[in-house]
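Both complexes below contain subunit A, partnered by subunit B and then by subunit C.
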Partner chain A sequence: MATKVRETPMLDELTKGPWPSFVREIKKSAEDGKEAANDLLGVLERSYHEKIGHWKHGGIVGVMGYGGGVIGRYNDLPEEFPHVAHFHTLRVNQPSGWFYTSDILRKICDIWDKHGSGITNFHGSTGDMVLLGCRTEALEPVFAELTELGFDLGGSGSDMRTPSCCCGKARCEWACYDTMNACYDITMHFQDELHRPAFPYKYKFKFAGCGNDCVASIARSDCAVIGTWKDDIQIDQAAVAEYAKGGGIDIQKHVVERCPAGCMSFDGSKLEINNDDCMKCMHCINALPKALAPGKERGATILIGAKAPIIGGALLSSVFVPFLEMEPPYEDLKELTEAIWDLWGEHGKNRERVGEFIQRIGLGNFLEQIGLEPTPEMVVHPRTNPYIFFELDEEE
Partner chain B sequence: MSASVEDVANAMYEMVKEYHGKKNLKALDLTKAMIQKFGEDQVDKKLCKQAIRQLIDSGKCTYSYVGGSYIVLPPES
Partner chain C sequence: MAERKTDIGPPHYEQFLPPVIKKNYGKWKYHEIVRPGVLMHVAESGDKLFSVRAATPRLASTKTLRMFADIAEEYCGGHLRWTSRNNVEFLTDNESNVEPLVERLNKEGYPVGGTGPGITNIVHTQGWVHCHSAASDASGVVKSVMDEMFPYYNGEKKLPAKLRIAFACCLNMCGAVHCSDIAILGVHRKPPDVKHDIMKAQCEIPSTVAACPTGAIRPATVDGKQSVEVIEEQCMFCANCFSVCPAMPLNRPDTDGISIWVGGKVSQARSEPKFSKLAVPYIPNEPPRWPTVVNTVKKIVETYAANARPWERMGEWIDRIGWPRFFKLTGLPFTKYHIDDFTHAGETFQRSLHFKRA
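Take a look at the complex of A and B:
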């Protein structure tokens, strides 16, 4: 006989809008007889009343040989909520570009229904599939069955987190390099760093095929690899004229005047671009997709140092390599990464992200140590402090 | 390099045992200590990485998460 679903008057408020509700979904699961879902509702309702969380995080929990992929969670009210006394999270390395067959999704869900709470989160902000809630003794069987399906755990703790990428050339004509291949290659090359935490803190890779940055790499990854091009934007003037004639878009107002570099002009039929000033922002290409396309000399810009606000405030990443050819086996990216990890690993403080480390020691010192020459593209804005003095040899 | 992976893994294990309950050690703490103990001509980071892998795969040590990731003795020890 099914257990009675807990009364949750406060949580029920979150089911009243027209939008999807996590409470509604967990309730459905509880109504289907999932005891963990029922206890999860109970503990959450209690937290909403008390304004106190009841989860303990971390500890010694994982699968044999790995230091990442499992996030230990225990409830501090195990007698009251026995089915969520252990409620560990598994991060599962997603396929590049998040492509699945419906068959494989069913199999993953079957594994999780069998061993865990049945509750999932597709996907976590790093990109992994997130399987929410199982007991410690279920971890190895879940891992074994996922491995048999061809999946592996992702990263957690002080390691390289699961790299993620946009769908790239699989579905997008703007992709300036093969994001899915680069993501897969880096994931496989750095397996040790993914599964065996050895850094001061987490390190995230995200691969975006163009400046539209659909994976928000510039804000969410320690290393953002954003597709770009070196030569001129490709223009089909006949298609520009078609847009002008069609009247669906005001090219002057919505394209030329919105160019952040102010590098475009339009005389009513012909669009001119001063490519030397172009910032590769993608606005004009997005607005006139049939007329404009990225140039033919394509690669990526490497940016370092973004993070979301957890310990310190949020940081956006900064340009480190303005243009890198992104061809397998991506040796330059791997070398740069290893140089960064060596320096940050040696001198980074515990729980200090690489962006914070760069701020602490100074960009100049960081570049010198990893062996990169400073370039104008690394400068975010002109200096505002006039009290900066240069060494005599630097002036010379 | 003349120190073996096994020698370094054993030395790391002794260190983890010594610090058990007193201080959590990160992979990098162990690596730095081993390079100091054996000398740079005997041990490098790559060898330490292999030693940590052996230590973990053998079950003598495990990873824990307390804000950051540490290498510790398994619970039953």
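Take a look at the complex of A and C:
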């Protein structure tokens, strides 16, 4: 055991209460003899007094041959807190669905206890396992030991960011395609794009098995792959009757009347659905999981272009392919992706996400360039303004 | 020297799946919440999988991860996973392990909950723990809010529907909070304090100028040094210039703080996904426990709980009652800052008589 764990009266206020405490976590590492954790406590206590952070802007560090996966971070008080003078982060590509075994978890801990602060994030916002805080000279050894264990780094900067997915068919009856497999396949196929930033800006994939979208793909990914179905919702009328009899839910009020398409009716025992009008929103299936299930012809809707506000304002993804069968090796999705990257890669401005690029050049032009036919599913309604950029053929 | 391995990608997930999942992969029939924090998934084969969900602060020490490994080994054949909202789940097909698992996790301080109509873990960013552009700490606000919201996490109190809270410590939104029932967002409120001394050495002036979405930055020579100047009234504090140039810091202890946004969602259920809308433009940073933020979130949640109908998410409830009533019921003031003035702002103006009585 090295030096005494720092006193942190302000941070200690955050060890009280029922919710698990991040301060307690940092202290556990400090008590374990991790000097970096101890200095992190010091610098954080100071931030709490001064109401400002003490981390400097970026810094180009990484592992050999990669441009992404490491976030360089330096402290602006290196003399006072020498053990966090360097405090770089490694993003480690998580297994699909964030499944682990105790054995693999301990081996990751062994690597991080040997070379780093002992502090992690399970997980970062994009989905990576985050190893938080090490010195520059530790990066290569950590990388070598991680790859030996079978792990690789994730994305950062202007590259394909680490794709992530919900647990899909591993546990969920609503998964309309194998999200974990698709996520793994796409990640493996585009390894070069993941590790070596060559795009105008970041590009994120998220794979959600149904419209409940547990990975927030429609808000957070440049390419959202959201499970859906083509045929009719499967109904087990006996199970509907059980729900009606059980009294736990008022089917008329909480299912039929909450259907946004108004496509359901219930006569007290039998539930009917006009599937032509169904919008696949999942509400009735969520409400009556034992009685209703997505149809049998399953696949995904592909939506493109979501992002947070920086720079031109936040966007949700919008429909590109209303229905795509999602079977390995996912050739259609890969072809679409490459066509998008070619166009955006060539004409996108620095730090312009693909959603902003589409707004700048127009969705119609974008579709034409990547070779996708416009369909009415792509818009809420046709344009209302008459400023049409007609393009006449030579003969006309 | 051994050959350097690169581009191997993540390990294949299959090796980490418990046997009951491998056997029933893609063949699950339905699930139930058997008690707060415990899901039971039933397969077509009749097999059952119990998932016991526990809170984590996201920031985890290796000591805690090793303890989770021990618990997984004791009760789950070594199998566990994390959720998209930073909860940890212990997976077992043995129902008799559920009770001891719940007890153990609660005893260790990682409480079980986060299922059904209530509040689960907050997705959040790094804040003062690791970030250079943070306008607030992240983990401290999250901890303070969740301590107060705890009865909605562990099932003691229920809400009309699920309520998702997200936290981001600046407008970069690494936490992409912009579609959450309640979004807590760090904001800067003063233009960048241009460091003319380091500008030339650390930044490209043309890309710094180009980074500004409102054209507020222009090249300038200051005290004989090549640098930039900021037209202050055009600055909206987005910090995009700071992202490309370290000589443009916006962090300020006296004026940085937190804004609160409501009514967003990502799921397709019932209504379309929605952005969160501004409820409170600014609350000062109040470390260590951010009481004003906590009390404001509490007020919004309690007003929603008392007024929304079953299955109605925050945004759906507000859509039904209208914004005038939302502001009346919550007692939050409506100000000029609530009215959009960026691109396409006009789309949010009320252009009809279709508004309800407050």
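Annotations for the structure displayed:
Just so we're on the same page, the second predicted complex is superposed on the first by the 371 of 396 C-alpha atoms of A that agree within 3 Å, B and C clash if a C-alpha of one lies under 4 Å from a C-alpha of the other, contacts with A are read in each partner's own complex, and residues count from 1 in each chain.
Going forward, contacts are C-beta pairs under 8 Å (C-beta built on N, C-alpha and C of every residue); 3 or more make two chains touch, one makes a residue touch a chain.
Fair warning: this is a prediction, and the values are worked out from it, not measured in the lab.
Of the two partner chains placed by superposition, only subunit C is touched by A:Leu105; subunit B is not.
Contacts of A:Ala314 after superposition: subunit C is touched, whereas subunit B is not reached. In the superposed three-chain model, the partner touching more residues of subunit A is C, compared with the other of subunit B and subunit C.
Of the two partner chains, subunit B and subunit C are each touched by A:Asp192.
By the touch criterion defined above, A:Met10 lies against subunit C but remains apart from subunit B after alignment on the C-alpha atoms of chain A. Shared-chain residue A:Arg161: touches no atom of subunit B or subunit C. After overlaying the two complexes on the shared chain, residue contacts for A:Asn350 are found with subunit B and with subunit C alike. In the overlay built on the shared chain, the residue A:Arg298 is in contact with neither subunit B nor subunit C. Touch criterion met: A:Gly62 reaches subunit B, while subunit C stays clear of it.
In the superposition on the C-alpha atoms of chain A, the part of subunit A touched by subunit B in one complex and by subunit C in the other spans residues 57-58, 64-66, 192, 350-351. Those residues of subunit B that touch subunit A in the shared complex are 26-28, 31, 45, 49, 52-53, 56-57, 59, 62-69, 72, 74-75.
Interface of subunit C with subunit A (complex): residues 4-13, 15-17, 21, 25-26, 28-32, 41, 49, 51, 55-66, 68-70, 72-73, 78-84, 86, 88, 109-111, 123, 125, 127-134, 137, 139-140, 143-144, 146-147, 150, 153-154, 168, 171-176, 178-179, 207, 210-211, 213, 238-240, 242-244, 246, 251-254, 256, 264, 266-271, 273, 275, 285, 287-289, 310-311, 342-344.
By the touch rule above, subunit A contacts subunit B in their complex via residues 57-62, 64-68, 71-72, 156-159, 192, 196-201, 342, 345-346, 350-351. Listed in rising order, the residues of subunit A touching subunit C in the complex are 10-11, 13-14, 16-26, 28-29, 32, 37, 40, 44, 47-58, 64-66, 73, 87, 89, 93-106, 108-109, 112-113, 118-123, 125, 127, 132-133, 144, 147-148, 150-152, 164, 166-167, 169-173, 175, 178, 180, 184, 187-188, 191-192, 194-195, 211-220, 226, 254, 258-260, 279-283, 286-287, 289-290, 308-314, 316, 350-351.
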